[in-house]
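Accompanying notes for the structure given below.
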Amino acid sequence: VKFDINSDIGEGYGRFVVADDAALMEVVSSVNVACGFHAGDPTIMANTVRTAKAKGLGLGAHPGLPDVLGFGRREMALSTAEMENALNYQLGALKGIAAAAGYPVTHISYHAAFGNMATGNRELADVLSRAIRAVDRDLVVYSMPDNEVERSARAAGLRTMQLLIADRAYREDGTLVPRGVAGAVLHSSEDVAQRVRRFVEDGVVITIEGRTIPMRARGILVHSDTPGSADLARAVRQTVEAVGATVAPAYTFAE
Amino acid sequence: VKFDINSDIGEGYGRFVVADDAALMEVVSSVNVACGFHAGDPTIMANTVRTAKAKGLGLGAHPGLPDVLGFGRREMALSTAEMENALNYQLGALKGIAAAAGYPVTHISYHAAFGNMATGNRELADVLSRAIRAVDRDLVVYSMPDNEVERSARAAGLRTMQLLIADRAYREDGTLVPRGVAGAVLHSSEDVAQRVRRFVEDGVVITIEGRTIPMRARGILVHSDTPGSADLARAVRQTVEAVGATVAPAYTFAE
Amino acid sequence: VKFDINSDIGEGYGRFVVADDAALMEVVSSVNVACGFHAGDPTIMANTVRTAKAKGLGLGAHPGLPDVLGFGRREMALSTAEMENALNYQLGALKGIAAAAGYPVTHISYHAAFGNMATGNRELADVLSRAIRAVDRDLVVYSMPDNEVERSARAAGLRTMQLLIADRAYREDGTLVPRGVAGAVLHSSEDVAQRVRRFVEDGVVITIEGRTIPMRARGILVHSDTPGSADLARAVRQTVEAVGATVAPAYTFAE
Amino acid sequence: VKFDINSDIGEGYGRFVVADDAALMEVVSSVNVACGFHAGDPTIMANTVRTAKAKGLGLGAHPGLPDVLGFGRREMALSTAEMENALNYQLGALKGIAAAAGYPVTHISYHAAFGNMATGNRELADVLSRAIRAVDRDLVVYSMPDNEVERSARAAGLRTMQLLIADRAYREDGTLVPRGVAGAVLHSSEDVAQRVRRFVEDGVVITIEGRTIPMRARGILVHSDTPGSADLARAVRQTVEAVGATVAPAYTFAE
């Protein structure tokens, strides 16, 4: 069985850096590349694409709201049309840079508030999924399981891959404990490894309250801006490989 | 014989508008679409693409320097790599939006200071031309004649089309009289029509000093932000059609 | 009695223009100057200040949300601290430019979504009012009557002036008919003049449903981006002067 | 004798960070605060002002070109008027935030390409110096010695303080070895301490070629984004104090 360890990469801006992308790209199988709206710029994107190509990583677009100052984490009242156009613009921008480097974009994963807007809004999610399909029908849509992003993508005839978020605590309903709440972010490689082992072996995750819930996922996301993210990702990879599973981009999975 | 009347379109930003794009798109055969760096935003781009599709216009990318405040007219010290990546990003962004609308991008035309940087710098022009070819080898490169943009595009195996600038005065060396100099911009439909007639019939243009110089071009550009631009474009079109020539996008020209 | 006819001015951005500021500044007694976050840039601000000084107009800061693309009309989830700091930054920026020109800033008026956030949120409104007082205790706070912006400003010991919005329809609760609803914006000079006459003579305004409601205000705002805004402002001024009232900036009003 | 150890602070942007500002502010006597054009945002500025107030540090504006993506290091063709307005805007913005916090701005120091434009252009430098004087005649202008920024500031009647750049190599003409040249940046605390000792004791600095040149300065700048900047600043402070000199902001110096 294969798992796709991935991370949001290229989330700097000009001279500004938020994560050790080089170290992360030694460990993950796929990268979700910031496309310039919440972070990322053409040169960071081009450098990321080159490294992804050299290492054979899955290359994904990671579109966000147009708010570098807020890192795409602040809700903004964009219309459905503005969301759709922002998606096509960012996805196209990455495809342009990737084409120039001779490497294909293989998936898409929404960033922060951009994704939150679609997760619970089927009408918006449908518009976005149909747009993705119109731009590139071979893209795999990454999302957490059982939300409107997944359902709309399937309805549009797109492949999907569900994500376990390795460095964030879960509630019993399968949603994440919000940032700012104590324990929301996992910082220890041991904790992350232990959780990933249960997930890979038993298909479950332990919630912040200690309950066991099912976790339908084949992707494992580590946030690049979590402190020590490269160490966490390495712990994930070692755990996955220790049980005999393979680490590979989602587009290589059998259907 | 065919001529391609074109204009820079979509050069607004959010609520901000600089030209009567709707009126211009009734007249031109091709549009050069601002891609968000000096002007334009995803929604303006999407609306422009939709209209271009409805009217069957040639659809071109019009990439600029990253400077909305300066409208891409202020020189900025970008490196060659930054220029190349900015090009691929903007071209890709338009291709993404066009793909979602089911309409192809057919050409590219550089904006203002972005173009000025390439016009006289063969090394930069070569890098940009090779990038265009890597992203989409079918694009036609629009430029004024006899500069490094044209030469590098041909060297890269790309089709080119040369432009007469209908609303700007020329010097004897074939370059434009700089903005700010008296007489640099033509405002009268009669003057523009008269010039275009000489160009279409005889392949020449009259300089600001009154000399006649050869003008090797098949495209006729009207700047959208010249006051009365739609009237000027209409004068161009009537003049071209009055001599029995056809108005059509460059990609339809016989090689 | 005095009335302060005012308008939001300087809401362009670089080459982008949304209103005929020069014509409006011939008519109004005060200007609310965009400060660079939703519109406006340092050079537009400096030019506006110079004209305001030449004509003796009241000079106000018009701070907005950091969203040029959305013209400050899209809600954004800024924290209270982010709002306070954005206010101080923009107010200070205008004071810096005004100081260099040797002319004082005399009032403040919130723009669009920035104002909407404060209007119904006393805690936020209090923070902003105290910040204004700390930066310049002589500023007059302009707002529509009977909301938290007015109440918090008074509580902070600041002078206030209430606004009639001349070009927008009212509902019976004294709020505006939202943009997008039919009849929300008044376009006719006659309609505006008629309304202003009732307001100046009787202190009332007629709602969109035809009811008469009291209107406690001494300022009359015309939005600069309403088509024909200079004509509307002229109609307001002629109406006010025809009944023998004086047009002057709020800071000159007797307490 | 007093020396003012200072550093460029607040050069982050939203979530983006470039330096350990907290550690630096434990060591320096003055901070040059980025004002939002090349880096910095209202909230970072407000937090920096609060810390500066708590520690009694000299508080300076550090205006830059409008280019966050390029960190204000890329030359841009701004007009003299655009430069002047950008200066007044940024200086005013910091004064607004400082006023709200009840702490005074005491000096100004130009950032990167903004400063380079003024350093060799007396006409521009004069315009900027007169603008500073109009906004706040008590500000001290920080600059390297013997350039047009210093001369124009004196001519405008402003106090000045000259800077030794502690972490950058010098050429014999007193200018800096450009970034990118080997040896341009000093990384070792020992090297910095040794250089500062010669400077404080003998008023000289050793050039990259090994010559000794006079260095007329009372301020010592450490770039915050040089790796290990807080350690370098600590080495500077220990060296200055070891020879019995005092570390204090320039505005406290006797005239």
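Lettered A, B, C and D in written order, each chain numbered from 1.
By our rule, contacts are C-beta pairs under 8 Å (C-beta built on N, C-alpha and C of every residue); 3 or more make two chains touch, one makes a residue touch a chain.
Since we're looking at a predicted model, the values are computed, not measured.
Chemist: Averaging each chain's C-alpha atoms to get its centre, pick out the one most distant from chain D.
Modeler: Most remote chain from chain D, centroid-wise, comes out as B.
Chemist: Where the centres are mean C-alpha positions, what is the separation of chain B from chain C, in Å?
Modeler: A distance of 41 Å separates the two centres.
Chemist: From the C-alpha centre of chain A to that of chain C, how far is it in Å?
Modeler: 44
Chemist: Touching at least two other chains at once: which residues of chain B meet that condition?
Modeler: Within chain B, residues 41, 69-70 contact more than one other chain.
Chemist: Taking chains as nodes and touches as edges, what kind of graph is this: line, ring, star, complete or other?
Modeler: Contact pattern: complete, every chain touching every other.
Chemist: Using the touch rule from the top, collect the residues of chain B that touch chain D in their complex.
Modeler: Spelled out, the residues of chain B in touch with chain D are 66-67, 69-70, 74-78, 113.
Chemist: Write out the stretch or stretches of chain D touching chain C in their complex.
Modeler: Checking each residue of chain D against chain C gives 36, 41-43, 45-46, 81-82, 84-86, 88-97, 99-102, 131, 134-136.
Chemist: Hey, which residues of chain D end up touching chain A in the complex?
Modeler: Where chain D meets chain A, its residues are 12-18, 41, 68-71, 225.
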